[in-house]
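There are two complexes below, and they share chain A, which is joined by chain B in the first and by chain C in the second.
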Partner chain A sequence: MSIKVLTPGLLTSIQDLGRYGYQKFGVIVSGAMDSYSLRLANILVGNAEGEGALEISLMGPSVQMEEDIILAITGGNLSPTIDGKPVPMWRPVYVTKGSILKFGACRAGCRCYLAVAGGYDIPLVMNSASTYLRAGIGGFQGRGLEVGDVLPIKELSEQSLRLLEKLVKKIGLDPFIATAWYIGSRHIPKDPQHVTIRVVEGRQFEYFTAASQKDLLNSPFQVTTQSDRMGYRLSGPTINLVKPLEMISEAVALGTVQVPPDGNPIILLADRQSVGGYPKIAQVATVDVATVAQTKPNGKIWFERISLDQAEELYCAREKTIQELAIAIGFKII
Partner chain B sequence: MKVNKIIKFEDGIEILPFGETAILVEFGKGIRPETYSKVKALTEYLDCYSLPGMIEYVSAYSSVTVFYDPSKIRKLQIEGVAAQNQSCYRRLSTLLKGIISKLDVDVAQTPRIVEIPVCYGGDFGPDLSYVAEHNKLTMDKVIEIHASGDYLVYMLGFAPGFPFLGGMSELISTPRRQSPRTSIPPGSVGIAGMQTGVYPIETPGGWQLIGRTPLALFRPADNPPSLLQAGDIIRFIPISAQEYEAYKGGI
Partner chain C sequence: MLTFNEIKEIINMVNQSNIQHFELNHEVTHIVIDKNSLSAAKKENIIPQTADNVDVLSTLSAEGQEKQVSAINLQDDQVNNVYKIVSPTVGTFYSAPEPEADTFVKIGQQVNASQVVCVLEAMKLFNEVPAGVNGTIMEVLFKDGEFVEYGDTLFLVKLA
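Presenting the complex of A and B:
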């Protein structure tokens, strides 16, 4: 089984939950910008939740099915269609050989995930399927997709096979059939006017002026067009230190909000370096990293402070939700 | 960050939270081999014994950051920590405090010495003459000084396998280039201020390039994927252009 890339889109790459364990060698984590959506896409098609999937940003690709395939699309709504018909998201879809999946206008969020039952058959590099674009390793030949690429697909899991049996019976003349069940709207991220990102104080929070501490938490920040998988560069009130700070490089984390000397904060994301030397004013709660990643360039975000204990509660509650969804989906498939 | 969450030791060591998925141990405020030996002692412990829920650690000049999965820690019984309703940070920081107080810095392993052959000057080191001029030295003297030092690998970062080194002589210190090069070939050896380093992959960069090594620093197919590891001592060995080609050819 395989799918063929007809047009690659703006930046389409294979990502999984990231390449962990190698940051101490300077190897960045990479991985899905919105790992929540990636995990659910995999669970929906009967894969292990950390399987590699296509991450599709702003302008999607068009791909052709070279065999009958089960897929799921989650994350931002980039108006997916199959042979011109809108495809429902957040549920498994059985698609027949020869059909063409395309993406259109970016209606909500800015990146989506395309998982296929079985998963893409690519060699793991350092135990991960994630594409590390700058080093040219991982994913599909270490790069974003290009015209004519053929992505092979692995054997289906037992769960995926059961899903296939159920859906294949229902297919009519349409090029695809989706399940009647889907992930409920309360588990699907909204696309609000004002995105609120919860943060805990960063390590150097107290070294910033009182005015800047207040500005961070009371003013909107705009996501600039210089934002990418490495980080989101924000513009808003200038964030100032009380006095220049001698910093020694140390680890940075997913969601670290660091402030370079120009006073414009940067939220570090999937392709961040492992270490950095700028003062850190805040740390985004892990559950809200996906929300940051779905905010389009020129979109506005607000920061809201929470405690460390609250951030931990949110983290554990999110994990519990995903496990419950996985169990519920498992029952649907059986 | 509430102050009562930070654990401080008498000798200046601090343990503090870094978001809800990481914990940072700071052994000091400066770049010093003595501070680094404590960093190394902790990472050697973590390499051997890990920690409950630990995903990985990142060591730096004077700190170690441990990344963990709070949902895994919640499921575990940690020895010596009775209150299961404590936050993961509190549980891990208590555990780390105990480990650090027992670390024996003196038994840290003897560092590995890694020799890095470098072909200095010419096309491989287009800025060697500038570095010489800037420091009022001959090019041969710059090479002699650069190749005579023992350099400690404090950490890897910036690019895969890129070493942050300590120990360069200030006699050859040179500021970065006014305008960075858009592309620097892998293996290039450079100087930036008081730092020296080797570029593992092709990247843009502003360092003064003085030579090139035929060795691959980033080895994605190997485990570990890096020629160098934090804590190594490296020495640069001058080689000729012919020797460089011989190395490249795998001889």
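Presenting the complex of A and C:
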């Protein structure tokens, strides 16, 4: 079982939840920019949450099913279609052999995730299926997909097989059939010019001027086009230190907002370095990293400060939601 | 304030007795039960008419939830032409795919059998409800955010 890449799109790569345990050796974590959408895509098709999926950014690929496939597309709305018919997102879809899945205009969000039941059959590197593009490791041959690539698919899990049984009965003559149930997508920003991102104070917050602290939390910051999987470079009011700071490099995390000498903050994302020497003014709450990832270049971000306790509560609430969804989907498939 | 269970008991008791008309005022709760136009055994044949023929029961549960039960008149010539879209699950009713989006359907709109008329949210999953018949939407019986039981009538459709 496999799918074939007819056109690769702008940047399509296999990502899972990241390569953990090796940062101390300088190995970058990478992984899905919007891990929430990735996890749900896997749950929808009956995979383990952390299975590798295709991360598709801004302009999608066209792929052909070489067998009947169950897939799910989550994340931003990149207008997926088969034979010109829109493919419903956020739910399992049974697609027949030979069908070609295409993507079109980016209507909401910025990137989407294409999970297939069974998962992509690629060798793991340091326990992860994620592609780290700069080092050329992991994923499909360490790179983004290209024309002619064939992605083999592993065997279906028991959960996936049950889902298959349910869907195959309804298929008829259509190229694809979807379930009548789906997951909501509230974290995808509705207005790209007004995206609110919740942050906790960074380790060096106090070293910044009062005016800059205020600016960070009261002005919009535009995501520049020099933004990528490593980080989003923002432009807005310049953020200034009270006085120059000689810092020893220390650990940075997913969502760390660091400020280089030019005063333009950078939100560190999936392909970030393991340590950094720039002062850190804020830390994006884990639950909102996915929202950052779904903001396109030229979108505008407004930072809202919350406490660490609140950030933890949001995190726990979201984990609970994911668990509940997994259970609910399990019942649907019985 | 009466609890949901107390109200449920009152309805059952009146239903099982010979009382034809019952009214109760208790603090913020006002209950009116009228049996003259309602035959309990023939619930399946009940078709709504215009607004002024409808006697509406309104109850408030302890949590402040509203639950509407309609007592309606039967009109012979309308019986066979109206189809009830019935809920396939318990859940929360939403008339639109997203909070600020347009509703799936409007009153007076023609629908076909596979067209989605609403979604019901249960355990964080959204379930699309298709019309099931070709026809015109006559009435929407629930509001956004209201809780729906299995088998509740959601929409009335005038058959094509």
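The definition used in the following text is that the second predicted complex is superposed on the first by the 324 of 334 C-alpha atoms of A that agree within 3 Å, B and C clash if a C-alpha of one lies under 4 Å from a C-alpha of the other, contacts with A are read in each partner's own complex, and residues count from 1 in each chain.
Throughout what follows, a residue touches a chain if its C-beta (ideal position, glycine included) is under 8 Å from a C-beta of that chain, and two chains touch if they have at least 3 such contacts.
The model shown is predicted, which means the values in this text are computed figures rather than measured ones.
Peer 1: Would chain B and chain C fit next to each other on chain A once aligned, or clash?
Peer 2: On the superposed model, which is not a single observed complex, chain B and chain C fit side by side.
Peer 1: Could you look at A:242 and tell me whether it touches chain B, chain C, both or neither (first, second, both, neither)?
Peer 2: neither
Peer 1: Output check: A:311 vs chain B and chain C. Expected answer is one of first, second, both, neither. What do you get?
Peer 2: After superposing on A, A:311 lies in contact with chain B but is clear of chain C.
Peer 1: What is the contact status of A:137 with respect to chain B (first) and chain C (second): first, second, both, or neither?
Peer 2: Only chain B; A:137 stays clear of chain C.
Peer 1: Name the contact category of A:201: first (chain B only), second (chain C only), both, or neither.
Peer 2: first
Peer 1: From the overlay on chain A, compute the angle at chain A's CA centre subtended by chain B and chain C, rounding to the nearest 10 degrees.
Peer 2: 150
Peer 1: So, does A:274 touch the first partner chain B, the second partner chain C, both, or neither?
Peer 2: first
Peer 1: Pick one for A:23: touches chain B only (first), chain C only (second), both, or neither.
Peer 2: A:23: touches chain B, not chain C.
Peer 1: Mind working out whether A:329 is in touch with chain B, chain C, both or neither, as first, second, both or neither?
Peer 2: second
Peer 1: I want to verify one number: the closest Cα approach of chain B to chain C after the superposition, in Å.
Peer 2: 20
Peer 1: Could you give the residue numbers on chain A that contact chain B in one complex and chain C in the other?
Peer 2: Overlap of chain B and chain C footprints on chain A: empty.
Peer 1: Quick one: in the complex, what on chain B touches chain A?
Peer 2: Its residues touching chain A are 1, 5, 16-22, 24, 26, 29-31, 43, 55-63, 65, 67, 70-71, 74, 87-89, 155-162, 164, 200-201, 203, 218, 220-221, 223-226, 229-230.
Peer 1: Write out the stretch or stretches of chain A touching chain C in their complex.
Peer 2: Spelled out, the residues of chain A in touch with chain C are 180-184, 190, 321, 324-325, 327-329, 331-332.
Peer 1: Can you tell me which positions in chain C touch chain A when the two form their complex?
Peer 2: 100, 121-128, 130
Peer 1: Can you list the chain A residues touching chain B in their complex?
Peer 2: Against chain B, the touching part of chain A is residues 20-28, 125-126, 132, 134-137, 200-203, 205, 248-251, 253-256, 273-275, 283-286, 308-309, 311-312, 314-316, 319-320.
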